[in-house]
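Consider the two complexes below, in which chain A is the common component and chain B and chain C are the respective partners.
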Partner chain A sequence: MKHLKTLALGTAVALGVSLGGVTPQVAQAEDANYVPLLTYRTGPFAGSGIHIANGMADYLHMLNERDGGIGGVKLAIEECETGYNAQKGVECYEATKGKNALVYNPYSTGITLQLIPKASVDKIPVLSMGYGLSAAADGNTFPWVFNVPDTYWDGASVVIKYIGQQEGGLENLKGKKIGYIFLDAGYGREPIPLLEQLAEKHGFELLKYAVPGKEMQNQSSQWLNVRRDRPDYMIMWGWGAMNPTAIKEAVKIRYPMDKFIGVWWSAGEDDAAAGGAQAKGYKALNFSGVGMDFPALQDIKKLVVDAGKSPTDVESMGGTLYNRGVLNSVIIAEGIRAAQEKTGKKVITGEDMRIGLESLNLDEARLAEIGLAGFAHPMKVTCEDHSGSHPVFIQEWDGEKFVKVTDWIEPMTDTVRPLLEAAAKEYAEKNAPWPERTEPCAN
Partner chain B sequence: MLYDIFVDPFVQMYQMPDFFLQVLWEGFVAGILYALIALGFVLIFKASGVFNFAQGIMVVFAGLTLVGLHENGVPAFVALGLTIVVMGVLAYGIERVVMRPLVNQPDIILLMATIGLTYFLIGFGEFIFGGEPKRMIAEELWLPTGSTAFEFGERGLVILQHIDIAAAVIAIIMVAALGIFFNKTRIGRALRAVADDHQAALSVGISLNQIWAIVWFAAGLVALATGIMWGARSDVSFALEIVAFKALPVLILGGFTSIPGAIIGGLIIGFGEKIGELYWGGLVGGGIESWLAYIIALIFLLFRPQGLFGEKIIERV
Partner chain C sequence: MFYREAGQFKTSYQSDQAMFPILQDRIGMAVILAVAFIVVPLTANDFFLTSIMIPFLVFSLAAIGLNVLTGFCGQLSLGTGAFMGVGAYAAYKLTTIFPDVNVVLFVLISGFFSAGIGAIFGLPSLRIKGLYLAVTTLAAQFFLEWCFIRIPWLYNDNASGAIEVPKREMFGVIVSGAEATPLARYFVVLGITVFIAFLIANVLRGRIGRSWMMIRDMDIAAELMGIRPLQTKLMAFAVSSYICGVAGAMMVFFWLNAAEPSSYSINLSFQILFMVILGGLGSLSGAFLGAAFIWILPVMLKFIPSAIGLEIGAETVEHLTFMVVGGLIIFFLIVEPHGFARLWQIAKQKLRVWPFPY
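So, the complex of A and B:
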């Protein structure tokens, strides 16, 4: 019965989405701050997308229920279903931007790449939290794009750094083989330039295994190649149905799971559980807390989920991807709050939101204040650096849950930052005339 | 370059025979699974002369129904029985609502109807089961899990997944059963008559409606078997619907009307794409299997335009 109730609620949300309607909790109003959420609860990537969508929506709804919104102004939250499809994503953007949208969270690198050129024209910032175009971290070239707390290049550098630690130093990577299995889309291809640079610098061989979107559940050839090549470590940039299939295939060829490391989007509990008991030891990056032991999450449970105002299955709360969605909305909320403080306005615009995001300073004290102490590493955005290259940690699947197995690991900022700036410059040249930054720094 | 194309792959096969055996096994399993999907297409095509675009989503729908019922507390084998009933009801519904009004309409109209059916089933499936992938209840259905490894030499290793062996056995049983059904039963012969000419079949008293309902039900059962087998290898999710179109080159190769063609075609494509990808794919950066299957099918078509086992139909004006 509970399952049916969940389905019914999910359907209600989905119907609201498909009809371009507003979710029932908050009516859109002129005196509200309007936050569109580009989500996907259907299609091949729904397995990952549903948790993210629930986490994002639930936190914002909780703020409405508990605090009456932000700064005394309610949030008007509207989901639009993209199906992880760039064309649909752009349609969602075009359909909602006129409602005084504050910020867009595309949840797809493909959609993000489409929205980046539009952001400065429509004056609505794009928040691609831990995904999207890595070079967008350069705030001077991309004043309207934010990819806090980390770029994919930061993540890739952390994996290589971790592998170096396991091997007794980066110098010992010389002659090693590191495999990279990735979704053959903008997302999966994004870290390749950095991995190639690091391979050249540290002398390891990078072996690439592309998984086309249509073959996500048919990866036996890729993993047979892995078996033949015998890479010393495997890195995965997977999403949706690709993740559980890859973990199952790795188990099948008996790849040592403790040497298999996924990016933070390959870190879902369902993904690892698909591999059964033999998936034990699988590792993934993470930058958000796991579990329910946070007051803010308890508030979500009490005021939103238990109150029947969300399609979220209570069992999925506290999972890696659900909590990642929560963190995304924490950044949105803190951006709105900062914008209200900076501008003195209660109902803000996209331009105000850009200022707010550029002033984001989520320190330990603030995290504790909002009921999320220890939920994430403190993060700060500056006008020059829209990512911040914050530390991430590695979690390991113990057969039932993910357990944090490292301390926070700093990305190789010295290597990554110059490459990011060069890539930003290259992007601007390729897309000439790329607008010069005219927005003043509010910090 | 010539060495890489004509010599090196065979040297690799000789030097790593265990790996070659593993590639052959994976090709065999892939071929069997493609053949299972292709069988569903063949059944509908034989009865109505239409390419059933909805076969992929029927695989997903059948798998999700089975798992969804079990998740709601229905014992596995009861869920299996109920799923068969659901596929029967679906077949009856399709016949009544989609096919019956379109008797004697051009094939393209029927194809469009199956495309519409696909999107209806996607939406309906998501409405009922949600969009999340689900774990196939292989163990609960007493399907074997785990694997057996054959080790030889210092590093020689061939791993056979038990579920893959089961898939092969089930596929062989289904093919045999369908072969008997089509060739030895009255309904099977009537079905072939319907495929040849709707009006002629009607004129000799064959119930088109009954035949269509039966054949859609049979395609539903094939879809269920495919959903269980493929779902056990990965998960049951809507991404499986796309995988189903891997059967297209199998159909081109084997012919749209031949059950043995679906099997042989599936095996040729399965072996071909795995061997091609593993031994020649690296020459062009890998990732060739998604289009190699079509190249193989097209090469065969050069010599047999009707497919390996397809019927050669000459229409005289």
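So, the complex of A and C:
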């Protein structure tokens, strides 16, 4: 025992000394564009996070392998594990921002909210692709935040529009009951103001079922309420382990699956597959292509995955979430390319990246050029509109895979946009003094 | 040899009752303060300040708070996270209602709200003890967390349900919000932590602290000797919650800048409790050592693979960190159940008799 104590003492001293010794080195590669990826392959949201992380990393690695980076400059890619935890996310941000980070993709509304005020101070843009603060679409208030192609409010309006189509017109929604089951966090609460507004406008009743984050895997009480209330439609804003649980519970209470619509983050194959054969008919929004029939994805498979340079499981390639991660990296890559064109520099900074993202114009020709024709709806960002409110489509689970069942549906921009601007104004007032936009418009 | 107090004679009661009666301790303390106030600000980079030093000081203060209750008064609590949350939300409400008042003042005042709530949830401690009390404080944790989610007034009806810290200045220097420099925030956090730590160190040496320890060691005997258990226990709850509340407010104002209810979840309570147990129950230096172990070690461990040139995926590093820290916790608790504070005492003893141990 005495020796053990000495050992413990020795270990403690050694730890103390090594703590003093190991200080993070801020290595700055001069000839590379540094892209930090905040990902989560651990924790309760890893089930969704792994696919996204793989998609994001693989596309950027593929560009390095195939084209030697972007514009002749390699990409330095570094992953930092956040575990979907806001504190760790901020820690990752602080640890990586000094290496001339170009852009941050937090993949968590909680982390995004913490990074938004920092973005304008550190001059590093935040790209929250289809998540985060909806009001950030207002480029005049939030010059450093981008949420292409859509905000949650756009998504919620598309769901209501689609339900209206099913009922033969939005006027028929009067007196209907629409249930909204959501992850009780910043993410799930984000669309509520818009849904409430639409409920008032179109006369349907909005029933809210909150799922607390730590009870994601036990939703029986919420679904018991659903069974009692019998809503005509169910909308879901879920993520991670919440999605498969909700679909299983819906199957259990025999909720008609064709009236159950998830947001684009509840569109994973694993999520729907958890419901078994009866989950057939489950619908989800989506804005990125499904499947492997794209030359760029084949390049990833050949150059990165088959070459053993990625932890990606070949089976998961082409899935909704994997492809979503790829689309995220496409936006980063196109932003870098646009920034290089606009500024004439090869190695760019976060400020240049902001200009690049603001002049992003991913049209059909460009999508075809990078081997992703039809992978996403053409996207365009302007200085005023950092989201673009692009159309999305609805896909349906056929028991084995997701099939696109509708054409591209435009969000209700006329309702959403004024709300977005009002929310942006309110955010700026609440966080007064919020910095005025001083960045000139590059377009 | 290094730690011998032989020859240091005390000639007055004042010097006998001093906080650090031994010369070596006084020198050591002065060196630590000099490093904290002068060396660290001069040499540290932003990452070191924002991700290591500021959280470390915040957690140390919270661990001191819990140590007052659990280590000195013997009342087990699992509500630390929620009490920290009360401080954070109180400071947020105060500073948004009265934007012109100094934010540091509000951080210090917010502790009183937390103290009030803590005292209310401390009432059952009169009847129930030990693990059963832990369960009632667990109820406080869940109830308060529920409040943070369900009462929109607390977060000013923010659509995201998070509290976001506005920009505030003190003497012309921005101390909170995104524009505040890490250095300014570090000095505020360091100042508050050192101030409260010294205050508590003195409270613990006096009548109040001794009555807490009497309650801890044997409450019936303490009662027979004239200590009133109700007041003493409630005071421990209030003082502990006050410190935790201040730490919670500092956590959001000077470290995170924005906080969701999940920041103050049961995980935080456990984290603080582990810091206290690992550092040493009933020891102020233990609170700092425990916080350093639980917070700084994992952050630093992450840099070791890349520092020695190993290419490992971010998630593997995370898993390795979990395993290493977990293993070390078990190792230290088996070898020295009284925590790092006790190890430090052993080290002091060894230094004293070196090189002729007996």
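Keep this in mind: the second predicted complex is superposed on the first by the 415 of 443 C-alpha atoms of A that agree within 3 Å, B and C clash if a C-alpha of one lies under 4 Å from a C-alpha of the other, contacts with A are read in each partner's own complex, and residues count from 1 in each chain.
Quick note on the criterion: a residue touches a chain if its C-beta (ideal position, glycine included) is under 8 Å from a C-beta of that chain, and two chains touch if they have at least 3 such contacts.
Because the structure is predicted, anything quoted here is derived from the model rather than measured.
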Kindly classify A:Lys252 by the partners it touches after superposition: chain B alone (first), chain C alone (second), both, or neither? first
Which of chain B and chain C A:Asp270 touches, first, second, both or neither: first
In the overlaid three-chain picture, which partner chain does A:Asp184 touch, first (chain B) or second (chain C), both, or neither? both
If you stack the two complexes on chain A, which partner ends up touching A:Asn443: first (chain B), second (chain C), both, or neither? neither
Partner chain(s) touched by A:Arg227 [first = chain B, second = chain C, both, neither]: first
Which partner chains sit in contact with A:Asn218 here, chain B, chain C, both or neither? Use first/second/both/neither. first
First, second, both or neither for A:Asn361, with chain B first and chain C second: neither
Is A:Thr42 in contact with chain B, with chain C, with both, or with neither (first, second, both, neither)? both
Interface residues of chain A shared between complexes with chain B and chain C: 7, 11, 41-42, 184, 212-214
Which residues of chain B touch chain A in their complex? 16, 19, 22-23, 26, 29-30, 71-72, 122, 126-133, 135, 147, 149, 159, 161, 230, 233-235, 237-240, 242-243, 245-246, 273-274, 277-278, 281, 286-287, 289-290
Listed in rising order, chain A residues that touch chain C in their complex are 4-5, 7-9, 11-13, 15, 18-19, 22-26, 39, 41-42, 78-81, 83, 86-87, 90-91, 94-95, 98, 109-110, 113-114, 117-118, 120-121, 133, 184-186, 189-190, 192-193, 212-214, 311, 423, 430-433
List of chain A residues in touch with chain B within their complex: 3, 6-7, 10-11, 14, 40-44, 46-47, 49-50, 184, 208-210, 212-218, 220-221, 224-225, 227-228, 240-241, 244-245, 248, 252-254, 270, 273-274
Where on chain C does chain A make contact in their complex? 45-48, 50-51, 55, 96, 99, 149, 156, 158-162, 164, 166-167, 177-179, 256-260, 262-263, 265, 292-293, 296-297, 299-300, 303-304, 307, 313-315, 317-319, 328, 331-332, 334-336, 340, 343, 346-347, 350
